[in-house]
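As structure tokens, here come the structures.
Both complexes below contain chain A, partnered by chain B and then by chain C.
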Partner chain A sequence: MPILDYITVSFLVIPLIILVLNNLFSKQFVERINFKLVGVVAILQMALAVAGFSLLSAAHWEDYRFSLLWDWTMEEAGYFAVNSLSLVFLFCIGFVLLVAVLVAKATVEQRKTAFVNLVLTLLLGMNGMVMVRDLFSLYVFLEIVGISSFVLVALFQLETGLEGAFKYLVMSSLATVFILTGLAFVFMQTGSLQYAQAWADWLSVQGTAQLYTYLAFILLISGFALKTGVVPFHSWLPDAHQSANTAVSILLSGIVIKVAGIYGFIVLTKLFPGFPPVALALRILGLLSIVVGALFALRQTHFKRLVAYSSVSQMGYILLGLSSGTTLGFLGAMVHIFNHATFKSTLFTNAAALSAQAGTLELGELGGLEKKMPVTGFSSITAFLSTAGIPPLAGFWSKLLIIMALWKSEAEGFAAVALLASILTAAYFLRLQKKVFFGQLPEKFGAVTEIGGSVKFAELMLSAVNIAVGVGFPLILLFFEGRGLL
Partner chain B sequence: MWFCLGSVINLPGFGWEIMMLIIGFLLIIAGAYCIIRTYHLLKIIIGMEIAMKAVTLLIILAGLVNGNLALAQSFVITIIVIEVVVAVVAAGIAVSLYKKYGSMEIRNLRKLKG
Partner chain C sequence: MEQYLLVICIFLPLLGAFLLPAVGKRKAKLRNQMALFLVAATFLCSTFLLPALHSGSPLFLHFELPLGLSFGFYADALAVFMALAASLVATVIVLYSFGYIKEEADQNEYYMMVCLFIGAMMGLVFSTNLIFIYMFWEISAICCWRLIGFYREATTIRRANKAFIITVAGALVMLLGFIGLYGETGTFDLAAMKGIAIPSWVVVLVLFGILSKSATFPLHSWLPDAGVAPTPVSSLLHAAVLVKIGVYVYMRMFVATLQIDEVFTVAVPALAAVSALVSAGAALRANDLKRVVAYSTISQLAFILLGLASGNEIGVVGGMLYILMHSVAKGGLFLCLGIVEHNVGTKDLTKMGGLYRTMPLTAIAFLFCAFSIMGIPPFGGFFAKYLVIAGIVAEGKVLLASFFIIGAVLTVLYLTRLFVKVFLGEATFPQVKEGTPLMVGSALFLAVLSAVLGIGIRVPSGLAALIGRGM
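Moving on to the complex of A and B:
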């Protein structure tokens, strides 16, 4: 089907073309239009992902293979491929990118051209990561994502940003060492790193689980855990996410940790099917992240740092969903990826609004802003309720699916702790709401007004998505049922 | 003990492959030790690079063991290119930090805590 060919290739070609255009003309001209261009790219990516998804499911194809300029039908040639999983990820990438650009219009004042270049490189890396079909290309695109994120965090040359970027870089390069050593072991035993062949060959050597199976498994899982920032590998995450520009934080927390980390875990679960330590490791990592992330979030005094620890905690739910090994758990994890992108972007957008209007993000200095900033307050409350899993908002449904899947796969203890940890989530977000939006309004904030323009639009859009997904979720469940997934 | 190591890469007995594996792991440990125990930004970058070069050694070893050396070599060249980019970014951040603080001391980085 040639139209699907155009759609899939454009995920890689459009960022490249815009990247060239962004550097082709004079800076004065480019800086007037480049944010709009990136916004258009984001909307286009969402539209193309939806179109690709409907074409793929109409044709009942498992995946659609393509390449850019070479003949992929040759033996052992590398190729790209899209399936429904990558299209869901591509949609989420477009969605978060749109929000990040809307916020960047307000927060990025200098170095606009460099910012747009890096965002487009990041987009290219993430799009490539979810479409490649061999482990080595996965590593290459992972490094593209990593390098553009380091520079984005350090871009504005603030002391905090440089510190966060350096910590991120060191931990990330350790993750690379782990992942590559694990890849070396898989490559040693199978002779190929293409998913299809490596998985089949690896299965046969895995039947007799030996020391190298465990070694490869431990190395790969630690590498991707470092990239995701789950406990106990989380030390870089709050630093990088707090110190970055808020638009960059949206990208990092909203999508980069999921594409660079969680997608790696998804590949891993396919590389080690039925290997008992996988489910155990994912459950332990997930549970630790949920509880420890939430406990750390309880004692934070900086808005963005608290939200970053909340990301650590929510990644734990996604890992628990993946650990169940069933379709139900997988669907729960996928829906939670989208929902987390929505509510985490909302909270970081609120951070952008607060730091623009009130001038600080320290929880101790803020207070009573609900009357002054009604839209920010409202969107923050919907995001908080959704994160804590209060029906009928979006977060409730994905957590319900994950906990049901855990319960069905006979991990009742883990399901119970995941359920109870929602109380911790509610606790730290209630503290946030109380400190920022309720209580006494300090004297100096008497003249604070609601933020306007693109940030307000982003807040309204995200709240609408959050509520719409929550209220309309039975329709999504019907869609899953129609495809025979439930 | 040699038997145990041989089972790691599925090779019988003791040979130079095992030797290369041991050297690779020792280099990774040296790099990690360098990252943990030094307090100088550039030394940390050097530690990162040592660990990464050790990984290229392991990938070449993997190519030798499974007989697919050409593929392993192309992997290693790609890894070296990517590593240079990471090292340049790291050195750039280190130089910017040096301009801010006037020293390469890692213990200056205390702004982000909690």
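Moving on to the complex of A and C:
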């Protein structure tokens, strides 16, 4: 089906073309249109992902393979492929990119060309990661993602200066070392890094080389855990998020940690099928993240730092969903990835609005702003309720699916703790609401007004998505059922 | 084709609520009228559900979903009874709010949250699926959070957060119970669970949610603190919607649908007895108007729980009647106190006195409502209290019954004390005027209704008996 060829190739080619265009013309000209171009790329990516998804399911194909300039049907040749999973990720990438660019319009004032270059590189890296079908290419694209992210963090030298970016760089290289060494062990065992090949071979060698299995497993899981920022590998994440420009925080928290980290975990669970420590490790990491992340969030005094710790906590739910090893849990994790992209982007968008209008993100200095900034206040409440898993917002359903899946796979204890930990989420967000929006307005904020333009639009759009997914979730369930997933 | 009535009942207030702020930005008066219309129409629609009920074929809607999430709305006697009680009292409260709230900021949010609250209540009572019950349960918690924090002061926000955290924590434990139940039965659909015996640990988990929402000892402490809300909101929380949600879910799950262990017919009433006595004692000592009445609510809720958990048809019918009578009388009582507190400017009992001279109508309304809560014939509360106690005696639990009789005596004491301190004695605020006609009228309406429901007890008891028979 040639149309699928065009669609799939464009996920890689479009960012490249725009990247070239962005540097081809004079800066004055480029900086007038390049944000709009990225916005168009984001919307296009979402549309293409939806189109690809429909075509793929209409044809009842498992996946669709393609390459750029070489013949992938040759023996031992690498290739790209899309399946429903990668298309869902591609859609989320486009979605978060759109929000980030809307916010960047307000927050990025200098170095626009550099920013766009880096964002497009990041996009290329993430798109590549979810479409490759061998571990080494995965690693290459992971590096592209890593490098463009920490340069993005460092680009504007905000607040804590370069510390956050430096920490991120160090941790990221550590992760790289782990992952690369882990891959070496896999290669030693199986002689191939193609997913399909490695998965098949792994099964046959299991048991004969327990030591290598364990080594590869530990290294890979630590590497991806570092990239995701789950406890106890989380120390870089709040610093990086806080010191980055808010548009960058949206990208990092909304999608980068999921593509670079969670997607890695997904590959990992397939690489070690039926290896009992996988589920256990995911469960322990997940639960630790949920509880510890939330406890840290309770004590933060900076808006973005609190939200960053909340991301740590939410990643835990996604890992728990993956750990169940069932379709239900996997679906829950996928929906939670999308929902988390929505509500976490909302919160960072709120942060952009607050720092632009009120001039600070220190919780102690803010207060009572919902009267002056009703849209920001309202959208932050939708995000709060969704994160805490309170119906009828979207986050409730994904958590419910994850917890039901855990319960069904006889991890009742994990399910119970994960569910009850929602109260911690509610607690730190109530505290945030009290300090920022709910309450009396301090005099110094008498002249504050609501933010306008693209940021306000992003807030409204994200709240609408959040509510619509929550209220319309029965339809999504019917869709899953129709595809035979439930 | 009458199912649309059921849809209107739920979605008119639920969706209409979101129009109110938009309308209110332009025309405050139109917004108020719309809010009243939404709530009153909900009440009317609920009454239209009665004919189908009496003809023996209650209205029913059903949607198939995977994962045992199939849900529907079912207008059986229990649901209609709850809907009628809640929407009737809520209508009066909205009317009263026109006077009480007119000078405040954030009126748009106020009316929106009140309507949303009623919508959540409607959705909750008609839902047949536990997950959807949980959904409406949490919507009510959100409304409650915004409404308790209405005045936006540091204390009110803290109290609002406290109420939210306690009720949501309870609800999460309850949700865990629901998931446990799902693990046992493979469904969340109550219609598919009829008559199933369920393990006791599920009951205990669900009870956490019920007790936290219905402010029963030991999860009651948020309710007295929630008195910082505007008084019509307190009235709404105590009388019309919030605290009745918990006892309703007890009734729906453990009495009307599932089978639970015998031990709960002793354990729950025993817990209720502790709750009744402790809170009645606290009510005797409290010096804040609204705290006294809040403790009184906790104490009265224990009576309701006693009736429903007695495992006996008389008790259950009594418990249901108690929900109605308490809604009407406690709603009226709060409306009276609202007038007092609004015009006097304090909530401190010790500073008040002799208000019957300047507020005779409010005093009479207060007395009527108080009589009903004390259980003095012929007011409605008498019949309910009598049936509840008769139910537990019929089960042979005389000791438990005697605790509740002590509780009833204490009720008489603290309400009399409240009346004496506020309305009798030396006049400390001689310049204070009676409330606006609309406010006093609303209070009087509920007071008279308490008497009318008692004298015409046949009407509500007919419906309550229908619930009892359907068990």
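In this text, the second predicted complex is superposed on the first by the 480 of 486 C-alpha atoms of A that agree within 3 Å, B and C clash if a C-alpha of one lies under 4 Å from a C-alpha of the other, contacts with A are read in each partner's own complex, and residues count from 1 in each chain.
Basically, a contact is a pair of C-beta atoms (placed from the backbone, for glycine too) under 8 Å apart; a residue touches a chain by one contact, two chains touch by 3 or more.
This is a predicted model, so every value here is computed, not measured.
In the superposition on chain A, A:I17 makes contact with neither chain B nor chain C. When both complexes are overlaid on chain A, the residue A:A415 reaches chain C alone and has no touch with chain B. Shared-chain residue A:A464: touches no atom of chain B or chain C.
Of the two partner chains, neither chain B nor chain C is touched by A:A47. Chain A has more of its residues touched by B than by the other of chain B and chain C. Every residue of chain A that touches chain B in the complex is listed here, in rising order: 136, 140, 143, 146-147, 150-151, 154, 157, 159-160, 162-167, 169-170, 173-174, 176-177, 180-181, 183-185, 187-192, 205, 210-212, 215, 238-239, 242-243, 299-302, 305. On chain C, the positions that touch chain A within their shared complex are 63, 65-67, 69, 71, 105, 131, 134-135, 138-139, 141-142, 149, 152-154, 157-158, 160-161, 164-165, 168-169, 172-173, 175-176, 179-180, 182-183. By the touch rule above, chain B contacts chain A in their complex via residues 4, 7-10, 28, 31-32, 35, 41, 44, 48, 51-52, 54-55, 58-59, 61-63, 65-68, 71-72, 75, 78-79, 82, 85-86, 89-90, 92-94, 96-97, 100-101, 109, 111-112, 114.
Contacts from chain A toward chain C in the complex involve residues 328, 368, 371, 385, 388, 390-392, 396, 400, 403-404, 407-408, 412, 415-416, 419-420, 422-423, 426-427, 430-431, 434, 438-440, 474, 477-478, 480-481, 486.
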